[in-house]
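Just dropping this structure here.
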Amino acid sequence: MEFGSDNVVGASAPIVEAIAVAARAGRQGTYGSDRWTQSAVRRLEDLFERKLSVLLMTTGTAANALSLATVTPPWGGVFCHDMAHINDEECGAPEFFTAGGKLIGVSGPGGKMTARALTETLARFPRGGTRHVHAATLSLSQATESGTAYACEEIGALVEVARSAGLSVHMDGARFANALVDLRCTPAEMTWKAGVDILSFGATKNGALACEAIIAFDPGKVEILEVQRKRAGHTLSKGRFLGAQMDAYLADDHWLDLARHANRMAKRLADGLTGIAGIRLPWSRQANEVFAVLPGDIDAALKQAGAHYYEWDALGLSADDVPRAGEVFVRFVCSFETLEQEVDDFIRIAGGAR
Amino acid sequence: MEFGSDNVVGASAPIVEAIAVAARAGRQGTYGSDRWTQSAVRRLEDLFERKLSVLLMTTGTAANALSLATVTPPWGGVFCHDMAHINDEECGAPEFFTAGGKLIGVSGPGGKMTARALTETLARFPRGGTRHVHAATLSLSQATESGTAYACEEIGALVEVARSAGLSVHMDGARFANALVDLRCTPAEMTWKAGVDILSFGATKNGALACEAIIAFDPGKVEILEVQRKRAGHTLSKGRFLGAQMDAYLADDHWLDLARHANRMAKRLADGLTGIAGIRLPWSRQANEVFAVLPGDIDAALKQAGAHYYEWDALGLSADDVPRAGEVFVRFVCSFETLEQEVDDFIRIAGGAR
Amino acid sequence: MEFGSDNVVGASAPIVEAIAVAARAGRQGTYGSDRWTQSAVRRLEDLFERKLSVLLMTTGTAANALSLATVTPPWGGVFCHDMAHINDEECGAPEFFTAGGKLIGVSGPGGKMTARALTETLARFPRGGTRHVHAATLSLSQATESGTAYACEEIGALVEVARSAGLSVHMDGARFANALVDLRCTPAEMTWKAGVDILSFGATKNGALACEAIIAFDPGKVEILEVQRKRAGHTLSKGRFLGAQMDAYLADDHWLDLARHANRMAKRLADGLTGIAGIRLPWSRQANEVFAVLPGDIDAALKQAGAHYYEWDALGLSADDVPRAGEVFVRFVCSFETLEQEVDDFIRIAGGAR
Amino acid sequence: MEFGSDNVVGASAPIVEAIAVAARAGRQGTYGSDRWTQSAVRRLEDLFERKLSVLLMTTGTAANALSLATVTPPWGGVFCHDMAHINDEECGAPEFFTAGGKLIGVSGPGGKMTARALTETLARFPRGGTRHVHAATLSLSQATESGTAYACEEIGALVEVARSAGLSVHMDGARFANALVDLRCTPAEMTWKAGVDILSFGATKNGALACEAIIAFDPGKVEILEVQRKRAGHTLSKGRFLGAQMDAYLADDHWLDLARHANRMAKRLADGLTGIAGIRLPWSRQANEVFAVLPGDIDAALKQAGAHYYEWDALGLSADDVPRAGEVFVRFVCSFETLEQEVDDFIRIAGGAR
């Protein structure tokens, strides 16, 4: 019963196969001039319905940090949710890549910032002075760190606030697929049609081995992205490794199938937990993560049975939801490899503990 | 007839197989806690005959830049050969990772700096003042960018100069295996026994898909390396991809077999070229690269026959060797996949052109 | 009636005279080897009762940022009050000098963080991992941005929390003198005896023209400070300009006289405002700044009469103190040149407005 | 007999007086909004015959580094003479301010790069790839570190090479006045009319206490300069200190008088030395510095008599000029305070030593 993370599993079969085929393919173009990378870029352009600047990377942290550096000067401020991955989990990578940019937390329940909170926070950074860093970038996570997702209209409303303050807009899509399949809007609608400038498009958590794309919706950004990638040591000479993954990920809607499975397992888990007395789910699940406040005895029974998951920071919970004595706040993550049986066993044990 | 680079080929069969096995192995430790990474570290410790701090990376540029950042403060100077890869081919990565360090070129024929040139260059950076950056690090390439290698005594002599000026010593071992098999000394003798502090140990050019190790010979450096790796976006969540490559690379002397083949092909090529009138080889080959001044007609005949190789910067050539009118200076690289037949065809065409 | 800032005035007469004398003194040592700088260092060592590493600077922002860079690695976190000057008013200078360090806000009323809030915030940054920046530095402002000051025991309690988490301790003493004369403890007690490692010792706001000292209590830090100062372009070739100011500032308790006057004017102002119906002072004044919630009619009357002061960010106010409709939250700053008459006129107008 | 540096002296009488007047002038605008700064900007605009973006700074290192950061991205290369102050004397400040930019040395006799050397060096940095840093900026020193100056046509020729490679052009004018008065062209001709984009305009070496201006010839650059200045801790709250110096420096051609005196003394010195057997002057003097190869006995006699000057790096000398056994290569600098008597005594002692 593995609900610790979506990165404890390996890669999906088609992606593994694609890596092996490419690695055995002898002499090929280097530094991203291979045919798999070229094919992956075309697939992304079809998917997003426009010309793009695409750069393949090995990690989400690098994709986020490099994306932010492209739209944020060293004296710029990046406005993101207090608990955003870029703010709280990337060890200062955005600060490194931007050469000293500053992340400004914006609050909101369930991992989603509100337009009002964004407006109020921006008001503390008036344009033109030199006391504060310059407000430069809005960064939204889709799905969020709390397993929720912004509706397209919510993205539009936040972008409107950002635009009126002159900000660029970045989206951290480490779990882009998981958000997309639940929202049932198009990739274009969730991004550039809503005003997003640059996107970290994740594949690693959803079945790849190590592959993410930076997608700038301005097709003229390739050169500026490439020089920064090289300088950060992220340009693979044998770029086929990245190209093969992304190409197989996108082929035949494989990426959507993987995400639908993970989300379905998360829904099954959330539904099961909802029916058990004493368990509270503070936010509605919208991707492949479920957050819950567990009574201590249920937590103990699950651990005893070998279930694996992590306690989580309760900082973002409302007063009603904050764990009381004897309770723990935990995160469950489902992946493309999560089995129905695992979920059902888990629910059964949790339900039987009382 | 492919002599353009050692990164236009894919990965060796055992390495591809190891990646596939690991990628299909379901739930495993993340961020380098997987069993392949652990095994690879043990193999490296056996090989180098001591406890190590090891960090796996995807690119040589990242391995070099992060290694340098570990031993060089932002106000530090790194002394390297004028034509070192870190100085001339990495797009400012060392400057980025060190937060503004400065690379100081040291001259010497055949890509190798001399102890005298190092001494003279260091003399311009006296300790204690604030006019100059502080002399911090010596970086040696083994093998060099010119296909030569330092003898262990040469490394020792350069380290002695560096130590007396208080410098740390880095070795860029992107082609470590190719240098090693020609020199017939041990990995320990070529590094820490000669005074090297930190090593970029390459595998990508010698048969891996994307894998290098940073090896600090002080076993207490892991934490400082890991925090910098994470911050640079180079920590793979599914670290098994790196572990599986390095583990298979080192198993059963696979890495040495690969290097021996490439070097043998280079030797065959160099020997063949030496016998052709009008071709000059400015330096003796010691790894898997051969540099030559070609008459224009030979160059034309080879290109006509489909041979692939690059012209090279003649900056480091002595006056005698500099290409004269109608000549070109070129680099040939052999890899683990170079075929005897390719070499022989190449020699035949070159020899027949006159 | 000038209460806008303590930097709208020039320099005190003895300091102006000292600059002029030094500037006319012909050939003198450069880069801080002049006799005034040497004398100033000796005076500081007498004052702090120990050997010091001292570096003179022209601005408080530079003194803070360079101090922080000396004790914080690029991947380090600096824990400071949410509204600290380094976090909110220095345009990202600490992030620049530390090459990407991260400032972490700690809350607390009246501009002072509490030991409990510091403990809780630090708990989110456990040692040893790579998700978060590494907790590196505690930065305290003395006096604070809210015109309050930490008692020596409060400093001791915060330092104890910091030390047990392995942090270094910085003090932003831009208004060190103003805090000191109200607390009636010694400079040593307020700093190194309480566990402070490095201090920005301000003079500019208290009568100098442009002069601050970085004081590291470890006397072996001069070289590392000097190289960073040079690299930041803050090493004056004619260092006498800084030495002359600091020397005159410290001679004959001039600095304490200046601070006592400014504080006395602030106390007179606070006492006067306290007696006026409708005005609330959220925090007790302990230095040369007074913060108040003013009814709109009083604000209008004062402005009408030519009084100069700034509205302030109400973010740090308790629910009781937050300005209600028609009220404004403002800051008044007194300086070494503030006149009793100004204060009395101001109180009279404020009192008469209702 | 002081010929060590032009920064061992204080400030000229009108400048000292201006500082004192401003410092005593009570309440004034802060952060550069004072009337002296405003007046200085107007004077500079008159002088350069156009609207400007002007920022006053305290040091030449900061002015250079911040100027370069304005026109050079972190992955950019700055092409400057091998022995340029920015490359050799500023402790990595340009690398710090540009967040990792790279300085590329260009050779040429007498401290002046040639158009041919610039062309050849630039050829090694072709546009569009990611192996090399991107060629971004040409930086010229006027006067040079060798006491020579570029003729306006020489500047134009170098700018033409730079422009065709897409570079911006910076001029390090730490000794701008000394070059100007010898060349007898206008400030506009020596800068923007010749294609210079941004200028470090020095005053400190020529009679100010600590004052330089960054002058961008694009009048729309003020905001980007100011935010970087603040973030580097170089924005003086009591900006009048800088304004008063620059205003007095420019008033009534004071700056030209100061430079003419220093140059006249240097000419007198050079003329005197030229007549002494055994002394070689490798370059023709064009500003306030004289470089000479001295026989050991003359050097000893001068030192014995109390003369002060420094040995210099012989790196840039032609084979004919390199000091032979028993000779030393030295630099003499004259300042606005150098006395005719000093020069004459010096010549007399040097001439009498043989």
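Residue numbering begins at 1 within each chain, and the chains themselves are lettered A, B, C and D in the order written.
What we mean here is this: contacts are C-beta pairs under 8 Å (C-beta built on N, C-alpha and C of every residue); 3 or more make two chains touch, one makes a residue touch a chain.
Given the structure is predicted, the values throughout are model-derived calculations rather than measurements.
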Problem - Centroid comparison with chain A (C-alpha atoms), farthest chain - result: D
Exercise for the section: Select, from B-D and A-B, the pair of chains that is joined by more C-beta pairs in contact. Expected result: A-B
Handout entry: chain B and chain C, separation of their C-alpha mean positions in angstrom
Key = 51
Problem - Inter-chain centre distance, chain B versus chain D - centres from mean C-alpha coordinates, in Å - result: 41
Fill in the blank from the handout: Per the C-alpha centroid definition, the whole-Å distance linking chain A and chain B comes out as 36
Practice task
For chain A, write out the residues touching at least two other chains, lowest number first.
Solution key: 74-75, 90-92, 96, 99-100, 130-131, 227, 230-231, 235
Completion exercise
Touching chain D in the complex, chain C uses residues 2, 5, 7-11, 13, 15-17, 19-20, 22-30, 57-66, 90-93, 96-97, 204-205, 209-210, 227, 230-238, 240-241, 337
Problem - Sites on chain B touched by chain D in the complex - result: 74-75, 88-92, 95-96, 98-103, 124, 130-133, 313, 315
Handout entry: Interfacial residue positions of chain C with respect to chain B in the complex
Key = 31, 74-75, 99-100, 128, 130-131, 134, 223, 226-231, 235
